[in-house]
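Shown below is the structure under consideration.
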Amino acid sequence: MIYITRKEQFSAAHRMYREEWSDEENLRVFGKCSNPNWHGHNYILYVTVKGEISEKLGLFINLTSLKQIIKEKIIDKVDHKNLNVEVGFMHGKVATTENLAISIWNELKPAVEKEGAFLHCIRISETENNTIEYYG
Amino acid sequence: MIYITRKEQFSAAHRMYREEWSDEENLRVFGKCSNPNWHGHNYILYVTVKGEISEKLGLFINLTSLKQIIKEKIIDKVDHKNLNVEVGFMHGKVATTENLAISIWNELKPAVEKEGAFLHCIRISETENNTIEYYG
Amino acid sequence: MIYITRKEQFSAAHRMYREEWSDEENLRVFGKCSNPNWHGHNYILYVTVKGEISEKLGLFINLTSLKQIIKEKIIDKVDHKNLNVEVGFMHGKVATTENLAISIWNELKPAVEKEGAFLHCIRISETENNTIEYYG
Amino acid sequence: MIYITRKEQFSAAHRMYREEWSDEENLRVFGKCSNPNWHGHNYILYVTVKGEISEKLGLFINLTSLKQIIKEKIIDKVDHKNLNVEVGFMHGKVATTENLAISIWNELKPAVEKEGAFLHCIRISETENNTIEYYG
Amino acid sequence: MIYITRKEQFSAAHRMYREEWSDEENLRVFGKCSNPNWHGHNYILYVTVKGEISEKLGLFINLTSLKQIIKEKIIDKVDHKNLNVEVGFMHGKVATTENLAISIWNELKPAVEKEGAFLHCIRISETENNTIEYYG
Amino acid sequence: MIYITRKEQFSAAHRMYREEWSDEENLRVFGKCSNPNWHGHNYILYVTVKGEISEKLGLFINLTSLKQIIKEKIIDKVDHKNLNVEVGFMHGKVATTENLAISIWNELKPAVEKEGAFLHCIRISETENNTIEYYG
């Protein structure tokens, strides 16, 4: 089994909050991340897929295909966007990096499998100091 | 002359646009950075000050003081904020990183000089690939 | 299961040696790391905890709590300190990064579990080129 | 169980292609990486070994030994070399990073085990954005 | 005056040598970088341009234009290429990073000036440890 | 004029203090950096030299020579050492990074000039967030 990790980046605005709560309640639970005027990050996204390499080619997935899948399914939908307002696959969810990782997993899994590979891990660094991982 | 550079980070939302223009006009000039729903970044701020060291102490500015100045004058005002809406020293300016660097220079200069040092450079990386420098 | 990794840093002096050995013996076994006059590092500490997110909040541990735990239990005790001389939880152990990782695991485990999460991994980079991981 | 990861770097030229195919066929399958005039990378190699530490020494493998093994078995053979033409353990294989990781695993395993440790993972970053992992 | 630095990357093969010298003579002068079978790097290119910002727009050069110029004039010509064999603007020059920086300066200067900006610096990191700067 | 920057690293212990002051007085002036039990850092040293390249060779200084000079004059004397106690060129000076940069400048200047190059800048990062530069 070989694992390939592709690193991509996107810049987005977000806010962590529950609509039915007051700003004060959201502030108490989510802290400064619940700022009603938004804030944002340069998110770094690492997508790890795995598979068994073909002896003939020495690889199991075409990196160009993988990049294209991540671009179409994720980057084009989140880069320079508002995660709460504009991103379909985040609708109805609190815009935490945790939920973002799970949603990106769900978006990418079928497309990666169609390429004959397995999705292994979604890792997202919200800042240099905070990183989330999800293995399905 | 010795130069000290202090690195800080903040996460903020912004939008590049001119209010009197339509969204289409702003999109034509500023591209995806003019998204009306905002986007955001982890900005990395490098503040460089210079001075002549005291032979007795082997330094010319107390790093704790410098950190405190940057925190009070800048980080507390921009971190987890919306640069267009919530940051006083950006009011009336297009929220480009260029304008941000100039504004931060103007905010920090008097406080740095009160410490007996000179402000030399404000450098801001908006993303890993785009960096602005301003020397006054 | 979601994994969160928090990155922190601290600067400390240390020396790898066994007291009952001569300096020559320590040098033979531990190399330049046994210098009797100490040396030091900027240690980078990665703490990974895991848990199942609450659907309501989209997270399972409050990052502010996690930061506070790591600060109180570890950083305040090791930053700008001598690992051999001043750090209670390293007493009686050779001050290797391996032992440091195990000791930090033991210090953090109960506090992390009190927050309803599981400690998953302690990773410490002593230099950019040498990294230790411990999974309990 | 403790894991140690040692990071090393080497710069090499390579080309992904199958000799029996035309340049056009190789271009179709391997893309720009099949350029007949070669291209190259600064490869970053992470070697992770694991073991149980001796209580007496607080470590299970001498880092100097590990560095020496990686230098002799790998770095001296690939640094400033052409992976297709000059590296014995890559002969007859397509010079993908996938195959490189597997080959390095095979080269290092016996030497690491002779030191009383276990080889756990070979990770190679071909560029900042593409990383391969192999666990045997 | 505001300075903008754009970071780009490319992977290329090269060899430092003078054709009229023997391999031994080249090895003596250029060391392992003269390997006749080539080697390669992930070059990191930093292009710094300067100008005075328009108060109306808060910037002096469109970053998209700058990226396009660097892509067309440089990256498309050097990425996944052999610097000695395939890059027109390096013909007849020893393929050192020094000469590469000067050549890239000469390629970019007219195009940057046509955008109303000034080229300030070409910086190239051949490896993490070796960086060249040229200011014209 | 071409500028070359060579990056090196060393790990050392140090303490900022004046011998004739009490621990309390040192603590008041130098903060936690005056810990009598020492602390330490992974210092990153950047040495920038400049010169005019020979057209024949495409370079003005042999990088191997430059590395050797830095190794002999600096790294061998400071790596895994105590800057206050064991480093001759720091004797009688407060062990600040500012003084370290000036001292390293003085140590390297004659040797760099003997190679026909000019020393341009000594840059030292004590931590990722604090960097000192000295230009002579």
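General remarks:
Here the chain labels run A, B, C, D, E and F in written order, and each chain numbers its own residues starting at 1.
To be clear about the criterion, a residue touches a chain if its C-beta (ideal position, glycine included) is under 8 Å from a C-beta of that chain, and two chains touch if they have at least 3 such contacts.
Every value quoted in this text rests on a predicted model; they were computed, and no experiment measured them.
Shared contact partners of chain C and chain E, listed by label: D, F.
Copies chain B and chain F of the same sequence differ by a rotation of 120 degrees once their CA atoms are superposed, given in steps of 5. Residue-number overlap of contact pairs with B-E passes half for only one option from C-F, B-F or A-B: B-F.
In this structure chain C contacts its sequence twin chain D using mostly different residue numbers, the overlap staying below half.
Most remote from chain D, judged by the distance between CA-atom centroids, is B.
Averaged C-alpha coordinates put the centre of chain E at 29 Å from the centre of chain F.
Note on chain placement: the centre of chain B and the centre of chain C lie 33 Å apart, centres being C-alpha means.
Shared contact sites, meaning residues of chain B that touch two or more other chains, fall at 128.
Across the assembly, chains come into contact as A-B, A-C, A-D, B-E, B-F, C-D, C-F, D-E, E-F.
Against chain C, the residues of chain A that register as touching in their complex are 16, 18, 29-31, 93-96, 98-99, 101-102, 128-135.
By the touch criterion stated above, chain B contacts chain A in their complex at residues 9, 11-14, 32-33, 35, 37-42, 79-82, 85-86, 127-128. Residues 1-8, 48, 53, 56-60, 63-64 of chain B are the ones that touch chain F when the two sit in their complex.
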